[in-house]
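Below: one structure, written as structure tokens.
We call the chains A, B, C, D, E and F, going by the order they appear; numbering starts again at 1 in every chain.
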Amino acid sequence: MTFQRADGRAPDQLRDVRITRKWLDHAEGSVLVEFGATRVLVAASVTPGVPRWRKGSGLGWVTAEYEMLPRSTHTRSDRESRRGRVGGRTHEISRLIGRALRAVIDYEALGENTIVIDCDVLQADGGTRTASITGAYVALADAVAWLRERDLLAGEPLKDSVAAISVGILDGTALLDLPYEEDSAAEVDMNIVCTGDGRLIEVQGTAEGEPFDRAQLDALLDLGQAGCATLATLQAEALAR
Amino acid sequence: MTFQRADGRAPDQLRDVRITRKWLDHAEGSVLVEFGATRVLVAASVTPGVPRWRKGSGLGWVTAEYEMLPRSTHTRSDRESRRGRVGGRTHEISRLIGRALRAVIDYEALGENTIVIDCDVLQADGGTRTASITGAYVALADAVAWLRERDLLAGEPLKDSVAAISVGILDGTALLDLPYEEDSAAEVDMNIVCTGDGRLIEVQGTAEGEPFDRAQLDALLDLGQAGCATLATLQAEALAR
Amino acid sequence: MTFQRADGRAPDQLRDVRITRKWLDHAEGSVLVEFGATRVLVAASVTPGVPRWRKGSGLGWVTAEYEMLPRSTHTRSDRESRRGRVGGRTHEISRLIGRALRAVIDYEALGENTIVIDCDVLQADGGTRTASITGAYVALADAVAWLRERDLLAGEPLKDSVAAISVGILDGTALLDLPYEEDSAAEVDMNIVCTGDGRLIEVQGTAEGEPFDRAQLDALLDLGQAGCATLATLQAEALAR
Amino acid sequence: MTFQRADGRAPDQLRDVRITRKWLDHAEGSVLVEFGATRVLVAASVTPGVPRWRKGSGLGWVTAEYEMLPRSTHTRSDRESRRGRVGGRTHEISRLIGRALRAVIDYEALGENTIVIDCDVLQADGGTRTASITGAYVALADAVAWLRERDLLAGEPLKDSVAAISVGILDGTALLDLPYEEDSAAEVDMNIVCTGDGRLIEVQGTAEGEPFDRAQLDALLDLGQAGCATLATLQAEALAR
Amino acid sequence: MTFQRADGRAPDQLRDVRITRKWLDHAEGSVLVEFGATRVLVAASVTPGVPRWRKGSGLGWVTAEYEMLPRSTHTRSDRESRRGRVGGRTHEISRLIGRALRAVIDYEALGENTIVIDCDVLQADGGTRTASITGAYVALADAVAWLRERDLLAGEPLKDSVAAISVGILDGTALLDLPYEEDSAAEVDMNIVCTGDGRLIEVQGTAEGEPFDRAQLDALLDLGQAGCATLATLQAEALAR
Amino acid sequence: MTFQRADGRAPDQLRDVRITRKWLDHAEGSVLVEFGATRVLVAASVTPGVPRWRKGSGLGWVTAEYEMLPRSTHTRSDRESRRGRVGGRTHEISRLIGRALRAVIDYEALGENTIVIDCDVLQADGGTRTASITGAYVALADAVAWLRERDLLAGEPLKDSVAAISVGILDGTALLDLPYEEDSAAEVDMNIVCTGDGRLIEVQGTAEGEPFDRAQLDALLDLGQAGCATLATLQAEALAR
């Protein structure tokens, strides 16, 4: 008999995904992305020029910062600004988002422009990093469009789209897109980042309880790649609106 | 001839004010408050107990933290968490919001409970501190209701409501509720915090250009007290929904 | 029957104010300012040039920093340098002093020079921010004189003098220039910053206990403006010596 | 024709691995671990008791900190202590090492003891995180032995051994245990952490250039699991000496 | 022909030394100490109890903090509180002052009381650390007297007095008590801390230019011990007033 | 009867000193220096150019940083990088090492090159600062040789060698080169830094218990200068290998 999910979804089913573009007035690209109750506000900010170490190279730059609002979670967390230092998890996810986006960017085509992606988690219910990446691609695409309209590009900087999803094993069942409740009980927890053509950019799997074998890993990869394909379609639809 | 506002409002007219309660699932009280394009997410978090210096007193505590998302403004600002220190303006506004709320709280009736109010500016177009205070009162009232439903109060902790509005002088005209464009050009800039019964909790006026005289100050106070009265009505309506 | 002040002063009477110029050998302007037992050392430092964001504008800059020595208060406080961060109150007062001084400065006449005002509280007995502003104007005037003697000005940068005083309501009585004991018991606490010609630069009033009405506010403003006028005379006398 | 490695190794060959136990006199466990020119000093420190949030649970705790000496790399890096903050990469690797070790620990058998693992990179030539994990297991085993000799354990806390290795794709060839030169040129970079019984604890793969497909991922996993098996043997030999 | 000092002093002559007790109203001991133009405000703060690591020992504690006001020097320095970290020189001198005072303290007689000595340099003209130590002893003696009057001591905690002076070699001449101008040009710079009975607590000599030999060292030690003896007399006179 | 040292050494005998050059592959100079169980890894890093304040002067710069690994000591200490600030002792020793090396450097001959010396204590058993200085000179000499081989010098920057040793008084006996056990029990603790020609660069003596007189000081200086002479020979032998 199969594992019953609390929200009634099939093991390979995504939560309700909503991508609302242009949620902010000032940002060159912005998206409110929701994976179920997880809600992330993504802003893409364009600035002419690149960091000092890259000046004169003719190449652009894309970077990302991720942070959670103090009451995005079940109980309030202290602000990292008040603690005076950014935590390890925050750094780690910021770096992951940046790498994921840079994997589909042609720096030469971007020219010496910098795009900073801010992912601020307004409400967290599992999968905040995968929602961030999925929404960030759409905000990035809008920021690129903003540059294109102003003739500030040297070519087409987006080589492909990028999306991400979490998978995990709970009571022996491989599940797609875990909310907080499932995530915190999972034996294995994995995040998969794919390009629109279905190839992998990032695979991060961790045994939270028992170590896992190759068969389990394969099941999770199948599930994750399928989930990313669905997200790629939703991204394309959002951008077509 | 009178000064023409870019958005067509009369000098004594508020922007469109929207107060959306229960915007978050986890927080004991939460509000998305909008004054025109200014949009602040307010979360009220209840925790049993009080800070160490207040333990055993039988008295509760209310405090507030204010912060702006990096791309809430026209151009992106660095995160205070990354800079490793909270700026003076952020501190100042956090303290103002806390004082405003505490002015209407009966600590004894609250009992040894702490309510932390987080005001995160999602989009800034002037008046972020006054929108924060106005929304924070509603989130605070919901948090107090949450405590009341669970029989965790020693009485009625809310002595009155509290709202705030900005006023200023531009080209010699006293204006109510200034958006960023007016605010940055104003000669005098003032924030007024009132209780529901129309009395003053806080008056902060600053000459940005020319010093001002008592007649000008009186005109601003009249305008601000009237604006606060309107906000008090809107708060009551929101809480009645 | 009227309220009796512990030090025997009339409600509208200042404490003994002493302004000692040239207390330091190196600083371009320096003042030891005393309001009763409150004692603040003010140093004005001139440097050629302005901050980067102002370069090439032809305009000068004035800024201020305020800090309390650890044992200026009744019980010792930790040093902000050891805690690794400057507190919100310190930031707030530093910003207030800077704004007050900038209100009487003609940046063009100052030319591309920067004057930094350091206000270090050696002993605190209420009114440290108002004593700081009052003393800072005198130190600023001396620093401007230092520039004038060296022919480094483009005109006369001081448009007027500036002074500040605290007022408050205690047991229903409006009082001028509150020492610590009165200040900590006051129902309303207000700081008023005036130019020499009697106009207002800054009004900051806070209900510490009960909210206040317009009549009370008016009484406080009358008291404060009269106090500032007296201080302006004392500043002029000090500068004439 | 196959890819030629600069150091003449076969694609599936480890560098020369040396594990020197008891390199320090004071630490309860210590190892100097070398993967070719990569040299990491690992110290395991036992302290009775556990962090506050775990007190009274009867469970132990294991955590890790990783850091690079400033001149472990080709050019000198600033010290994180001087910069006043720990970088994202350092945090990320510290967390990875801690998770890897905790995966083979039975907290109940460890009892309320804490083991802190310090991994300080004396010289870096690629694979510092995998060398750290591999050496850390041996230092951990010695620290556990130290506790066992003193009868301070509630059982056998080590459920299995743990080792880690890097794999990557360079010019289309899957390679094991990449030195810096290969690592910085690799198209895909992956770290694999295995238990002694060959199961997976952590899989972290990143496309640095082109995205990768499932076949490439499979080749890397095969290579990595074989490498970990060899390391497990070397760890057992070191512990048997 | 001998070296001529700019201020006309003999090589073995102290600057004008002034010790003004009770400069502050709140501190248990306080001194404004002046060595020529060097002016340090010293406050001694008594608190019952000792730091956590010393609780229950029956022993007291004495510690010191040294800091310079930003405009104590010829050109303004940034505040350490704003830079967010205390500099090495400040730490070093704070530690030196603390050690010097602790050398004459009987912890058992002090009982579980802590005395914190704050030395804030209001004006710097060389010898700020030696003036601090010399003044700190007097403030410490007053704080001890404060405890004695309240019957809070377990005996007599002051075993002896302590004073300090700088010596140095300039153009081959050994000089006592160097002002900034001499100090910055000296080939050898030494600080000597002595007890009232003429023994040494601390000797810190540094070759700023040429290394020095034993004969030169002996000459400096002679000069410094004599200077400390004079200071001990001045301290006793100040305490007798 | 004379004091018996736990390790059987004569009072004037050094511990076993080992200087291993070229311990690192990348650094321009590197040394593993051991004084008994004290083990310090020293790396000398050459970079072209000098800090901003020295640019265009034609002069070089030498600076040093000292730090202890968390488990170099008997019980583990927190990392200074995690605490977010460098402690006073660490600063003090870094500054001492830098001064000692700069005393033998001819900046003009060095030309506009910077050499940074990193001293990382791998294991601490007393005398870590003196071992650091003694090893640092050898690493510095190798870095200078590296510059000389590349024809990047304007002359011979090393005016002499430099070495350092600790001395102290224990139970009335003057001892050379104190291990931790002796050091922590010593009444007087002194560090002496000498040039190869036997002159003094730095003398730092502290009474940890009883103050000391001139005769005791003389005995310590004799012992220390002799110890430094022996170290100078060992340095020369190491550099000749």
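Everything that follows uses one rule, which is that a contact is a pair of C-beta atoms (placed from the backbone, for glycine too) under 8 Å apart; a residue touches a chain by one contact, two chains touch by 3 or more.
Chains and their UniProt names: A, B, C, D, E, F = Ribonuclease PH.
Predicted model only: the values in this text are computed from it and were never measured.
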How many hops, at fewest, get you from chain B (Ribonuclease PH) to chain E (Ribonuclease PH) via touching chains?
-> 2
Shared interface numbers for chain A (Ribonuclease PH) and chain D (Ribonuclease PH) above half of all numbers used, same, or below, different?
-> same
Give me the rotation angle that lays the C-alpha atoms of chain B (Ribonuclease PH) onto its copy chain D (Ribonuclease PH), rounded to the nearest 5 degrees.
-> 120
Distance in whole angstrom between the CA centres of chain E (Ribonuclease PH) and chain F (Ribonuclease PH) is 28
Chain A (Ribonuclease PH) to chain F (Ribonuclease PH), mean C-alpha position gap in Å, rounds to 51
Name the residues of chain E (Ribonuclease PH) that each touch 2 or more other chains.
-> 84-86
Could you read off the chains around the ring in order, chain E (Ribonuclease PH) leading and chain F (Ribonuclease PH) following?
-> E, F, D, A, B, C
Which residues of chain A (Ribonuclease PH) touch chain D (Ribonuclease PH) in their complex?
-> 85-89, 91-92, 94-95, 99, 103, 160, 190, 194-195, 197, 199-207, 210-214, 217, 221, 225
Listed in rising order, chain A (Ribonuclease PH) residues that touch chain B (Ribonuclease PH) in their complex are 24-27, 30, 37, 41, 43, 45, 47, 65, 67, 69-76, 79-82, 84-86, 90, 116, 118, 120, 122-123, 125
